[in-house]
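What follows is one structure encoded as structure tokens, with my remarks underneath.
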Amino acid sequence: MASVIEMPLIRTRDLTLHFGGLRAVDGVDFTLGSGDIHALIGPNGAGKTTFVGLLAGRRMPQSGQIFLAGEDITRLPAHARVRKGIAYTFQITSIFPRLTVFDNVAIAVQTHGTKDLSTRTRAALARVGLDGLQAQEAQTLSYGHQRLLELAMGLALRPRVLILDEPTQGLAASEIEGFKSLVRSLVPEVTVLLIEHNMEVVMDIATRITVLNFGQVLATGTPAEIRASPAVQEAYLGA
Amino acid sequence: MKVWTLHLGLIVVLFAAQFWLSPYHSTNLARIMVLAVFAMGYNLAFGYTGLLSLGHALFFAAGMYGAGLPAQLWGVTAGPALILGILAGGGMAAAVGLLALRTAGVSFMIVTLMFAQAGYLAILYFAAVTGGDEGFTLPAAARSIAGLDLSSDTPRFLAALTLFAVGLLVSLALVRSPFGRSMVAIRENEERSRMLGLNPFTVKLVALVLSGLYAGAAGAAYGILFGYAGASFATIQYSILPMLYVLLGGAGTILGPFLGAALMFALIEVASGVTSAYLFLVGAALVALVLFAPRGILGTIRERWAKWLP
Amino acid sequence: MAFGPFLLLAVMEGLVTSAVLALAAAGLSLVFGVMRVVNVAHGEFFMLGAVLAWVVAALVPGPPALAFVAALVIAPLLVGALAAAADALVLKRLNYDPEATIVATIGLLYMIQQATLSLYGPNANPVAAPFDWRIQLPWFGYSGYKLFVILAAVGVLLALWTFMNRTRAGLIMRATQVDRTTARSFGINVDRVYMGTFALGAGLAALAGVLIVPISQAHYLMGGDPLLLSFIVVIIGGLGSLRGTLIAALVIGLSDGVISMFFTPTLAKILATLLVAMVLVFRPQGLFGAKV
């Protein structure tokens, strides 16, 4: 094995956020390697959404640090992190329902300047297969198409890291297949961090997995290692 | 194409209107066009960015006094006075925005209301300079531009039309620009916009300052064209009127502010001939609009029949 | 007059202002607290109370005291009924959306004010005080009626406090204030609570209007100042906090009396409005409110 020490794309140190007595995120040390498809799993209430919210800047941690390619971004506001390459898609579909599909994606595209705006917007739509629907109002799309639109908005930001919060929730089996091949086609240019409950999807596409439980890292490793870990079996998979 | 035809067409029709309107009515139309500029500015903040302000009278008055006081005190002429007024409106909006935009929703409404009230009271308090309630008439020098006497009918009408046309076309270009898309994004879903790399505070501040520039331009033009500046233009009523115009014509539509201003002006004009309590109409219109037609006239037309309407 | 008695007089005048203000502001605070509605028409309910007091005084024969007592009962009831109607016809249909209700209550403000102008006219009219004995202090005589206003306001506010904290209806209102969805799932008729709250809030403003009218006069534009002052009191006291509202009413009422001896009223108002704006920007829970 080559022993090139690569700088991790995202690293957190002792990241902590408590809500009153609830330890949502509790001293998490986490590393996201460049080019990975990294899945974050764990039981409900394990702090997965709160954790990625901290990475994206939707919330501020009480203590600990976050580094993006070595740069401390702990206190950077969310919109500035987006411009540095962290894209976030919402667990509950969050689009601009009364705007057209085109405008939804164009808002993301114009974050990186307005040159060739419509070409770049159409390209982002084509990537997820929505190019035929660009003139429609977003609220008229089917649920599956809205999830794809959400993904297109994330991709249009040209991110280094794409954070997906339960992307396959509510999708039909055929749509999940399409989603999997789409995610695979993104790496290694884009690193993917996804929260996912569907274990088949996780074991199929993830190159690394981190298990969270009660706000702490229970285990981290390759899918095979996670499958073999007794602690994980007990806390999560076996349940 | 259709869009530009419609808006340029309106400007041509308004230009032609002076030839068949009586002097009385063309003066009124000039007044409506200036007030429509005020309402267009309000619409940029409220209609497109979702900032419901109750303090725009402050920006209008800043424009009026920003133009009127230098004219009164130092004999500044109409052109420079107008520019000073526009800057005063924008500057005031920037100052208010830096503080008020730390709040949202109902708090934003009350904070802007309070700032505007403080501004109105300040005009009364510094009566020695501002003339207080009485106000002051602008000197003749401040009412001519390039040798044209703006207090006479035709130049006044043309000046108002020019301002209106510039305001209309600028706001049309603005809302069809990427920044216009950002404003609408903030209005529709602020949290999502933030996660797409937009800084909501910056977008709102720029929108409010643009809105203040419009209000300042309208206030300055009103003072210059009609020759009077007074504290009554800083009262809460002048914050309510642009809101009413915009709600009536259609928030977030380019022509809505003009349509609303024209209809409401005509309605009040008719009613004030009948009763001294004509402001009842303002109240009734507000209640009826929020209850039955929250999208206003053009907003409803756009929703049902003409999606292309900007 | 020496400074001591002068200050005493200012404090007593301040207490009268505080008393009336506390009543009006308590109504505004109650409506905001329970319904999350900012009622811009609140000052007009105050004005209607005063104007109706004049109407009742003109219609009821006999001694002024009798007419005044009648006004104390009738005016708040009528205004409360009007408010209930406004709630059912307007606010409820807007689903109490905060921004839409502000626009709607601005509309109501104009409608009430202008309707009063049409029916009552532009003049200011006095109403006789129910009694006119004076208390003779060593330095100056003081109106017994003004002392009565202070006592009456204290009495009404105590009754309001008891109602909110010691009765079932008060409990239901407080439950609705905390969470209207949960309240509804417990079988509380939220619509009726809202209508009652809006009527009660308006009634309190009207009562304040009746109490003030023998001191000042009834005029169709008299709602503006109480609205502004109530806003100031409610925001500085912490939105929706009744206790904070009362403390703030006392502070503002007293300082209004004392400050206006040193500053012009206009300057005092400028400072007060700027203070309110700054409180909302930097300390939205109010100066006396608990941090949420």
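As written, the chains take the letters A, B and C, and residue 1 is the first residue of each chain.
Following the convention adopted for this analysis, contacts are C-beta pairs under 8 Å (C-beta built on N, C-alpha and C of every residue); 3 or more make two chains touch, one makes a residue touch a chain.
Source: prediction; values computed, not measured.
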Think of each chain as a node with edges to the chains it touches; is that a line, ring, star, complete or other? line
Based on Cα centres, what is the most central chain? B
Once every inter-chain C-beta contact is counted, which two chains account for the most? B-C
Could you tell me the distance, in whole angstrom, between the mean C-alpha positions of chain A and chain B? 44
With chain centres taken as the means of their Cα atoms, state the distance from chain B to chain C in Å. 34
From the C-alpha centre of chain A to that of chain C, how far is it in Å? 53
Of all residues in chain B, which touch chain C in the complex? 52, 54, 99-100, 102-103, 105-107, 109-111, 114-115, 117-118, 121-122, 124-125, 240, 243, 247, 275-280, 282-291, 294
Along chain B, where are the residues that touch chain A in the complex? 178, 181-182, 184-185, 188-189, 191-200
Contacting residues of chain A [partner chain B, same complex]: 56, 58, 77-80, 82-83, 87-88, 90, 94-99, 103, 106-108, 110-111, 114, 117, 153, 157
As the complex stands, chain C meets chain B at residues 38, 90, 93-94, 98-100, 102-104, 106-115, 117-118, 122, 228, 231, 235, 264, 266-267, 269-270, 273-274, 276-278, 280-282, 284
